[in-house]
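There are two complexes below, and they share chain A, which is joined by chain B in the first and by chain C in the second.
On to the complex of A and B.
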């Protein structure tokens, strides 16, 4: 960690060009530059452009007309916007359930299981397959006539339920599909993390009479912090990928009840329903600001933690 | 967590664990099985599990209907291309962060990773317009570019965690011996970093392979990868469950096979190197 302050051992080797004398000091910045530049092009620049487009009335082709905050005012009175917003919150909250669910399966499996290697791969596969496939498989699973769900419900004399055709259930149905690979992923993460738990601390805890919940809460979970951090990040990213599942499973329906903000924006701006770039950009900006608050909180708590240590 | 466990208890745990595992794996298994059924058997009630007439006709029909191999090839080019390009940009950046950390390195890294949590729609319209105006819509090059940028934070982050494990003393030692930057990177760092780079490569190929948001929005026909190929089967064109299963199986098979053989590196990759 101390190379930055190393004395330049090459300085006494006679005359050298500026580059040869300073390459150790300069190269990190040169190396960092392409990454940061690309990053600015992709993230920062388009974000500002989105802000700018959101103040226009524009179909993407003709002359844009500046209308100030008119798009935001329209959004304020748009019931479809609130449905999408509500669904976004549902996605985020319910997706986070994958973390405790994965933790508990991992804790259970951490006991010796015959064939653990093969076994782990069973959990591993759902995460590496495409969300589009996940969506298709679950659409079929939910099918009111031929789907396995209703066959199973039939065994108990229940159903049939048309999960994806019912405004009340549709969002939960899609989230359940997304939770399948997400839980499997968290479980793998924790299973890997549990390998690194210090057995001496467990032993010490046991001597101090810690059992069950208290052992879990005070001794095991704190040691799983890196795993929890990654689980959290990946789960949030996953919840925002809701677009893939929705477009495959319901296309936002029925009656737009399963839309989330990103899907609604796509419908408004880029689908056959119209090319209202300005209105779409306004939706994107709102979603963006919401996530910004969330991420600011996240960064702030990470920051506080690194200072605290 | 060694504790004396009775045989009976162990057997019980094993059985319960395997039941959970099978349930988790079941949707994939079911899809693969159904792809070998006829359409009539696919929707039969009660469904038959293994005892049906196995047929491969669905695969032929899917290939005939929507040219699997062209989509497959697009997927390969896009995922491998974007990952390699991403590595070329990210290796130097991660090197700088890991070996010459400044006061703010950790913050920059966190900031980069946190942008991954921002919704991609935030930038969809500007990028869509840019692509349209520059003729990049529905081209492989355009997608390679976008996917590179999208996965860049993850690539940098992963490489950083791997590079961090290479002891800095080795670099100091070879610098003492008068090695220049080029030699340092070529002979000392690269050999030690290869496993980390390989597992980063693997994970990001898979992420790019599965990326659907951008591929669905920015392609139409020519450059469409496998995600678009399967999505085309979601349109309600009637009851196609056996063919849909065959298409899904074909789309996930390359990843399942790749994943099976590289599981160990992948688990490390999937945990972003943060958990050992």
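On to the complex of A and C.
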């Protein structure tokens, strides 16, 4: 080490304050303090509080009563819980369609023709709009009396269907509405990813006579891995957080058939069905545990990556 | 470039592609185009069943002025502004500092604190609902804009820290070392050396957070009620309840509510996409 051989000129002054000496060790904590405190109070502690509240019978106002795991036992026999859980699985699986759909549109738009930039931004448009508006728009699209869907079905002689009023179709209908902005998001991720694809490898692939599907599968998609990872993360999170669309489009109906866990917990805890905070917290805990599997996976892959650097 | 650049393909495919583009775009945006058309139709078109036909008269000005002058819409819009802007500023201030701390300094719990922010950011926020609502009630901030702003700042700090930290990691570390050798204090390094370099990241985050918070609905419903504090996403549902079946007004209202983030997106497109796609290329 060259520095060690140099005389420490500052030490000679002997006047170095505590702050001067420890500045580099203390500074990060001063910079972190406001953000960390806020985050602990509003995000980290509430997660644990929810676990605790889920063991209570509590209306949010009066005295809470400790009932152990009674809420979870009730959940076990609650048919509405299973409907919500089933719908959550549907959301998770079908929402992932946004990834291939986004890739498809990105490939379609990855060209250099006049005005393509405007096309790209307009295709991205749905993501910028509030889900409340998306929900409203799709409610009208599905409307049995005037909705465009039924007008179009009419062209093929198919009878009118009331998507949002039919227990068998309702969840699919809402997921389709959610896929619209989500596909736009995945598209923009892939467009950026495609920009970074190594042109030499494509040329090499062309020389080896790889084209079309084989080129896409063996050369392009492996290079898009970072974009796919992010698309996967945001889509999973989006699917598990789904609330706005359900609330706006059906309010959980018909007969509670379009509920998901996040909506059901809101309904139990804060709507006219009574303020059952403990029961709502128990549902949220289940949702959190499902998410925890994914969070652990995301953190693990990020950890591997930071290690790999 | 993949797929094969259009200029190198056959003439017929070039023509097909050029004509396919606008058709695809119109199909993709059809739901939006339809509400845009709805919003300039007169009331009579809906009662007479002319939903999808040509408007019998153009009532755009009447409809939009009704939204602006005869409803609570302006109030909701103003609430949204007063919720969104302080949140953006707060988040950026907090996360610039946390990102700086986690990006520059090497200390033992660094990665763990970083992971705490990342994990917290992924949490389904429904699990926070009951405790946060309770906390806000106890602070006396239920049904106030401040209550909503404080929560949003805290929650978004997770995402922003992830973003800022990665951005700062990519800056040349020699700059900071050079400043330290010169005896510049850490605070001044942050303010005069790092912050100016972070301008693109700050801009990207500002537009992203603006859009996220403007479009938030869940927390607006959980933490506020009533016209004095609700943002426009929650307001639009009461607006729609008030004008039930008045499709022309509901469309006009929705367009007004959706417009600010759209304008933000088109004005700051480069930053917006840079923010969203962070990490999509290596």
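Note that the second predicted complex is superposed on the first by the 272 of 309 C-alpha atoms of A that agree within 3 Å, B and C clash if a C-alpha of one lies under 4 Å from a C-alpha of the other, contacts with A are read in each partner's own complex, and residues count from 1 in each chain.
Note that contacts are C-beta pairs under 8 Å (C-beta built on N, C-alpha and C of every residue); 3 or more make two chains touch, one makes a residue touch a chain.
These figures come from a predicted structure and were not determined experimentally.
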Chain A as common anchor, with chain B and chain C clashing or fitting: clash
Contacts of A:288 with chain B and chain C, given as first, second, both or neither: both
Touching partner for A:107 - first (chain B), second (chain C), both, neither: second
First, second, both or neither for A:139, with chain B first and chain C second: first
First (chain B), second (chain C), both or neither touched by A:230: both
Chain B versus chain C as contact partner of A:216, first or second or both or neither: second
Touched partner set for A:248, first chain B, second chain C, both or neither: both
Chain C-contacting residues of chain A that also contact chain B: 23-24, 27-29, 31-32, 34-36, 38-39, 41-43, 45-47, 49-50, 53, 60, 108, 110-113, 119, 121-126, 128-134, 136-138, 140-141, 146, 148, 151, 180, 185, 188-189, 192-193, 195-197, 199, 202, 226-227, 230, 233, 237, 240-241, 243-244, 247-248, 261-262, 265-266, 269-270, 277, 280-281, 284-285, 287-288, 291, 294-295, 298-299, 302-303, 306
Chain B - residues contacting chain A, complex: 1-2, 5, 10, 13-14, 16-18, 20-22, 24-25, 27-28, 30-31, 42-43, 45-47, 89-90, 92-93, 95-97, 99-102, 106-107, 110-129, 132, 146, 148-150, 152-153, 156, 168, 171-172, 175-176, 178, 180-181, 206, 209-210, 212-213, 216-217, 226-227, 230-231, 233-234, 239, 241, 244, 248, 251-252, 255-256, 259-260, 263, 266-267, 270-272, 274-276
Parts of chain A lying in touch with chain C, wherever the complex brings them together: 23-25, 27-29, 31-32, 34-36, 38-39, 41-47, 49-50, 53, 60, 107-108, 110-113, 119, 121-126, 128-134, 136-138, 140-141, 146, 148, 151, 180, 185, 188-190, 192-197, 199, 202, 215-216, 219-220, 226-227, 230, 233, 237, 240-241, 243-244, 247-248, 261-262, 265-266, 269-270, 277, 280-281, 284-285, 287-288, 291, 294-295, 298-299, 302-303, 306
Chain A contact footprint on chain C (complex, rising order): 1-3, 5-7, 17-18, 21, 24-25, 28-32, 34-35, 38, 49, 51-52, 94-95, 97-98, 100-102, 104-105, 107, 110-111, 113, 115-120, 122-135, 150-151, 153-155, 157-158, 161, 180, 185-187, 190, 211, 214-215, 217-218, 221-222, 233, 236-237, 240, 247, 250, 254, 257-258, 261-262, 264-266, 269, 273, 276-277, 279-282
Partner chain B, residues of chain A touching it in the complex: 1-4, 6, 9-10, 20, 23-24, 27-32, 34-36, 38-39, 41-43, 45-47, 49-50, 53, 60, 105, 108-115, 119-141, 145-146, 148, 151, 180, 184-185, 188-189, 192-193, 195-197, 199, 202, 226-227, 229-230, 233-234, 236-237, 240-241, 243-244, 247-249, 261-262, 265-266, 269-270, 277, 280-281, 283-285, 287-288, 291-292, 294-295, 298-299, 302-303, 306
